[in-house]
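Shared chain: subunit A. Partners: subunit B in the first complex, subunit C in the second.
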Partner chain A sequence: MKRLSILALLLSLLLNTAYAETPEEKGLAIANEADKRDTGWTDQIANMSMILKNKQGDEHTREMKITTLEVQGDGDKSLLSFDNPKDIKGTAFLSHTHSLTPDDQWLYLPALKRVKRISSSNKSGPFVGSEYAYEDLASQEVEKYKYKWLRDETVDGLDNFVIERFPQYEHSGYTRQLVWLDKEMYQPNKLEFYDRKNALLKTLRFLNYSQYLDQYWRPGAMEMTNHQTGKSTTLTWTDYQFKSGLTDRDFDKNTLKRAR
Partner chain B sequence: MNWLEKSYPKWLLNHRWFVIFFCLVLVIAAASGGRLISFTTNYRVFFSEDNPQLLAFEALENTYVKNDNVLFVLAPENGNVFSPEVLAVVEELTEKAWQIPYSNRVDSISNYQHTEAEEDDLIVRDLVTDAASLNVQELEKIRDIAINEPLLVHRLISESGHVTGINVTVQLPRLDETKETPEVVSFARNLADEIRTAHPEIKIYITGMIMMNNSFAESSKNDMASIVPISFGIMLFLIALLVGGFTGTFATLLVILFSIMAGMGLGAYFGMPLSPPSATSPTIILTVAIANCVHILVTFMHEMRHGMSKDDALIESLRLNLQPVFLASFTTMIGFLTMNFSDVPPFGHLGNFVSIGIIFSFILSVSMLPAMISLLPVRVKQRKDSKHPAMEMFANFVVAKRTPIFWGMTGFILLLIAALPRNELNDIFVHYFDETIEFRTDSDFTTDNLTGLYNIEYSLKAEKEGGINDPEFLQEIEAFANWYRQQPETLHVNIYTDIMKRLNKNMHADDESYYKIPDNRELSAQYLLLYEMSLPYGLDLNNQINIDKSATRMTATLKTISSNNLIDLEKRAQNWLSKNTSHIAQADGSGTSIMFANIGKRNISSMLLGTTVALILISIVLIFALRSLKIGLVSLVPNLVPAAMGFGLWGLLVGEIGLSLSIVASMSLGIVVDDSVHFLSKYLRARREKGLNSEDAVRYAFITVGKALVVTSIVLVTGFLILATSSFELNSGMGLLTAIVIAFALFADFLLLPSILMKIEGTTNEKTINTGITA
Partner chain C sequence: MFKIVTTLSILFGSIAISNTVIANEWSGYAGLEFRGFSQTAQESRQDHSTNFSFVFEPEYYHEWDEGNQSIAFVPFVRLDENDNERTHFDIRELTYLKVAESWELRLGVRKVFWGVTEFQHLVDVINQTDLVENLDTEDKLGQPMINLALINDWGTVDLFVMPYFRERYFPGTSSRLRTIPHIDQSRSQFESAAKEKHVDFAARYSHYFGDWDIGVSHFYGTSRDPRLLLSTDNSGNAVFIPFYDIINQTSLDLQATKGNMLWKLEALHRSGQATTYNAIAAGFEYTFVGIMDSAIDLGLLSEYHYDDRGESASSTFEDDIAVGARLAFNDAQSSEALIGLVWDRNTGGKFFNIEASRRLSDSFLLEAQGRFFTNQKNSDPAKAFAKDDYIELFLSYNF
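Here is the complex of A and B:
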């Protein structure tokens, strides 16, 4: 049986074009494959620095540490703690993300010495004043979108699937996104975001990928450009660590105060 | 010149078919640019690229975001916004407004992000969701929140809750605004119509910068569609009446039509856009081009009446008029070209369009016009009496009464000049459009009932990055906002501290005593972070906080006030800032209103230079053309006096000088010079060729050119009076004042100039120079 199904899979891959696989099915299949390949890293710690630029040419940098716990069957849990600027140092943001319902979000404010829960259905606002929406950075679960494969395209020598995806969350800020998914890494090289009136809003480029644990590809930098306002934000990632033995308890609102 | 005047007319009549053909080719080539004509749809066309207020505003926009907007104002007939039906419409329109092209933010009372506390929860949500199902208590609560929220009241909701606004921020890519703006406007209008049809009980008004920008194009098109045909009709009637004859009228019609087509077409090739000021070019070309034809026709008819054959009369008319018509065209062109000195580009465009039209009208009226007339039948009643009885009587009167006339005119002129200082520079840019333009009435309604279209924006900078969280800085900017709120001109002030105070209260379980600025910097910074995390797409704070959180934008929305009041208010604000603050860096007010408030002054100083240059150039031209320094200098009087008189009368009647009036001096200078050119050239011809004394030379000038001057003045005054009916105030004011100046010019040339000539030249014959210019 097992051998048969593998055979069937191989056949279907071989006969891909002859088969009546719809673009939607193909898109979903690619998304599932990407999800599958990026499963099993358990937890991840990374430092991120964020450089904001406006049209006037001013620049500003923020630094934070992001810890993520992989959750099977739901959105991941993540904890973000700010190192810089000084007046928000120690502020920590915990979120339990969900694909189609509002995330659970808590913020620890050291100046107030309290944890506040944020009750909001919004995931689409700018993340700490940057050009990223929270939904752009949150974990990318397969069921967050409906997919449609458009074409294959080679950009800068990299082979990509170009997939159109439609957010399923009611309060998303976008009508659709275009993903250039690298055929080798199954990670995106480029993303285009289309706003509610289906006009191109932003482009995100992923740069300097490295492979960790012989499996997981992570970008070294991400550049987001807002075409409508002329502002941009660059993220640089350093010190990726995986499988550090973190557990649910490290992502609990009661332990948020201690998070650094 | 002598040779040219003698041989050219004969050559012309021998080659009339070729001349007509050549003119047609020339005109068609130039007019083919007509397909490139574009109507500007941005108020920025009024500002030169290096305008300091524009540069300051662009820096502010680049630091935060551009804020061109469309503002829908909903006024339910029953005077209550807070009903399930009306709120449902607000919700619907808010949702649909996101579909407006290039929109990137929609603010209304329904999507206003209300925050409240529930134990340790901060709840952030739309103020209104699912309005149709709201009960009385919920409606009451929403009303209570809305009309007590400083961010909303007088901005998106009136104090009494009778009207509400939905503000759509639009980011035009500015690649092709002539397409982008109308695209936004037509979408917004369709949206409003959709709601109007479904809910006839709700009145909808649309205003905002995008609507204003679009009105510039609409107003220009209206003007061109109504004023240009009316001008044509009236002018042809005038020519037929005053000059007479079908052929002459028909040929004149073609000359002015071709001059307009060529002027506008060639202008479009140079890439000049049409804005309300430059959209008056066709009417002005029409008006000015007629004068050339009139001079040639009047002499021609005069000679034919006295028995000359048609061709001889044409040759004689060309001989007599070639130089003065050229001079008049040339000086008029100088006047219009110096409008390029204006700091307001549309006036430069106007000057250039008209100048090209004038060149063509000169060429056509000395070539195609006579060529056509020679081919078409002309019937004239022979008249034996060799004189214009009316003009001769008038000439005799002027000669006989020269001393009382001189002193009378001088007194009258001085009286008007004394009224010059009564003029005050003032502008209200919303009032550029009259009540026939929908934007104006919708904006007036909005200003009366909800919020203003005028605003002053400040980028308030703290000393270092993150400084906007410093409690002392926050206290100071709040005090500044409160100072503004106390000013009688102010309708609303949008300031970041209102958000901070509300958050502080929310963070302390909605305890009212915490509705104040947090007392330490970390607290403010962390509240801000918290708040930013919870906002939805498009409703962020990036439009009022800069990226390193060292500056925040404050917007004071004002009533519709004049430029002087606005500048005064800003001055008071700067005074207050320098006396009462120490943590805010120097911050000049900025924005569209400030730009328009300053443009009048900038334009006047640039046009003073322009007018001086025009005056010097024109005087030099006259001195050389008339070959007399003395007469050239004398001509300064009738050339300068009309503008002074016109502005004096304006001071008595109106007293306010707007943006466009500052160009009247240089524009009218070029036109009024024509009268003195024609009069003086005839006067000098009589002195030099015929050896007459000054009295008889004055009589000769009146008889030969008097009628033509009256006719051209009537035509010019009428033309500019038609402009005075424009729906665009800048044009109507300019038209009216120019008409007044031209009328005064005729006065000066008929009454003042002759008496001066007779005074300084005495009654002796001038025989010394008779080889000179023979106009």
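Here is the complex of A and C:
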């Protein structure tokens, strides 16, 4: 079966070449293939820890649990609950994400037991003081970008497609991104973010990939470096679980109020 | 063979599940509060210019049945230097929770929040206010209840039965930030002969439609905010006596989230507490994201508060305009600041509020608060606080 799909891929690549594919078409085809290969995981639970570092080397940590529901034809749903820092323990975020329109987002404040619908039109702001913007962590849907294949490049012994992509969301904080997409995993090894003035802002490296359910590649760590401020944030992912049988009910306002 | 595989999968299944279940978890905070008052108090027995206070609120949480059943226990204790009434103990929460696909059942003592506005929580009626904690009425006493939430595609219906009423906790005679004359809680009166054993009921429908979030609620039972009746004590001095009416209150809370603009409305109709009346709180909050190319967000908010009882309203928000600004620094220490001004259009009284917080480490948080009262006329209920301008520092250890 696997061999057959590789054959089909080779065939499609061959055919594409025969039709004198443009760099834009090739970029989109690669993005579609990456999306296809990462479809069908249904739901995901993982723990994430963040280490925020500034230029002086001061460190701050965040720990949270993130559950995600795969949604076909729209952005995914996710529920994020904090465990650390302790003063925001129990604070939780619910997002129903969309590709090109603002997400639906609610915040739960445990001290007041209050659920607040929050403004989400701006996805470019920093996430909990880190070097990640909301849009860097949101689900990656094909239609969020326009693509252009630039070249193939081998970095540290890994073969990559290098693709330039242009955010289609009007409030994106970036003019463009460069993606080094691993040819074997169809997952990124590196991302470069260019700000609204088209200056290099950040570099994100994906490390320690593992494969789950014989199909889905997930990084063990992600390192974001901000070149303009000298700050960096390292994410560590642990305890990935898939197909736990989560449903829409696990991503509603009632569940948000008791997220742990 | 099949059986072994099943057994194994059950075993591994249960191992995987136990990973996500939280067992016997303790968290919470302990903190030290300082308040400094800049003026001499209106009554001599209130006279202190500084006040220290210690607070401890641990939380126990345990869940089982794949997280579908849990219990939570949150005791609360405060020790106060000057006010014996503020030195108090409460059970903020002691709840059993059972979750199913289409319903959630909660039994026990807990806190429920309704509403969307920031300067006043008009429709939030389930819990009694713990007024000794803070003027802002955001601290609540635990309310005993049975709460069944029915979860449908078309929205959530919450049903509440509340078998026991909690009287409001008012600051004691030696406290600043209290009414003048003071309130004698020991002489509280009730409309119902059952007093605090009157069974109260509430129902609420809540849902969202696109970028609109809506809640419609009805409450029948003992009013959480008492009328204050003027009386005299044994020595003939003036004193307020709380009177708790049986009320019916229907309310609406609505928020439209349009890009960076939030539109907010709370409205209620209440009968049974002297005259029938209506009140609204309506306003907006607009956020400027990343001002001046920084990571800082600036939110501007404004609300109008109206109560058609006018000057005779028990609330201080009878015809008031509130404006505020919120700064979120989005830094590693999650630094935040909020300034607000409430202007009473009838009396011209003004109330300034400043709040700020900054994380010092993973466990320590520092919060500051400043409250200032100006131009309170004799007819204004807030006149009682006219000499109680204060700043507060609160250092907490969170675990």
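Note that the second predicted complex is superposed on the first by the 242 of 260 C-alpha atoms of A that agree within 3 Å, B and C clash if a C-alpha of one lies under 4 Å from a C-alpha of the other, contacts with A are read in each partner's own complex, and residues count from 1 in each chain.
In the analysis below, a contact is a pair of C-beta atoms (placed from the backbone, for glycine too) under 8 Å apart; a residue touches a chain by one contact, two chains touch by 3 or more.
The structure displayed is predicted, hence computed values, not measured ones.
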{"item": "Joint occupancy of subunit A by subunit B and subunit C, clash or fit", "value": "clash"}
{"item": "Which of subunit B and subunit C A:117 touches, first, second, both or neither", "value": "both"}
{"item": "Which superposed partner A:258 touches (first subunit B, second subunit C, both, neither)", "value": "second"}
{"item": "Which of subunit B and subunit C A:56 touches, first, second, both or neither", "value": "first"}
{"item": "Subunit B versus subunit C as contact partner of A:151, first or second or both or neither", "value": "neither"}
{"item": "First (subunit B), second (subunit C), both or neither touched by A:45", "value": "second"}
{"item": "Partner chain in contact with A:86 - subunit B first, subunit C second, else both or neither", "value": "both"}
{"item": "Which of subunit B and subunit C A:102 touches, first, second, both or neither", "value": "second"}
{"item": "Clashing subunit C stretch [against subunit B; choices 205-213, 241-249 or 349-357]", "value": "349-357"}
{"item": "Footprint overlap on subunit A, where subunit B in one structure and subunit C in the other make contact", "value": "52, 54, 58, 60, 85-88, 112, 114-122, 124-126, 128-129"}
{"item": "Subunit C-facing residues of subunit A, complex", "value": "45, 52, 54, 58, 60-61, 84-90, 102, 104, 112-122, 124-126, 128-130, 239, 241, 244, 249, 252-254, 258, 260"}
{"item": "Subunit A residues within the subunit B interface of the complex", "value": "52-56, 58-60, 82, 85-88, 91, 93, 105, 107, 109-112, 114-122, 124-129, 133-134, 171, 173, 195-197, 199, 201, 228-231"}
{"item": "Partner subunit A, residues of subunit B touching it in the complex", "value": "59, 61-63, 65-66, 98-104, 118, 120-125, 171, 173, 465-466, 469, 507, 520-527, 529-530, 532-542, 545-549"}
{"item": "Contact footprint of subunit A on subunit C as seen in their complex", "value": "16, 19-20, 22, 27, 29, 61, 63, 67, 70, 97, 99, 101, 104, 110-113, 115-116, 138, 149, 151, 156, 206, 208, 211, 213, 255, 257, 259-262, 287, 289-290, 295, 297, 330-334, 359, 362-363, 365, 396, 398-399"}
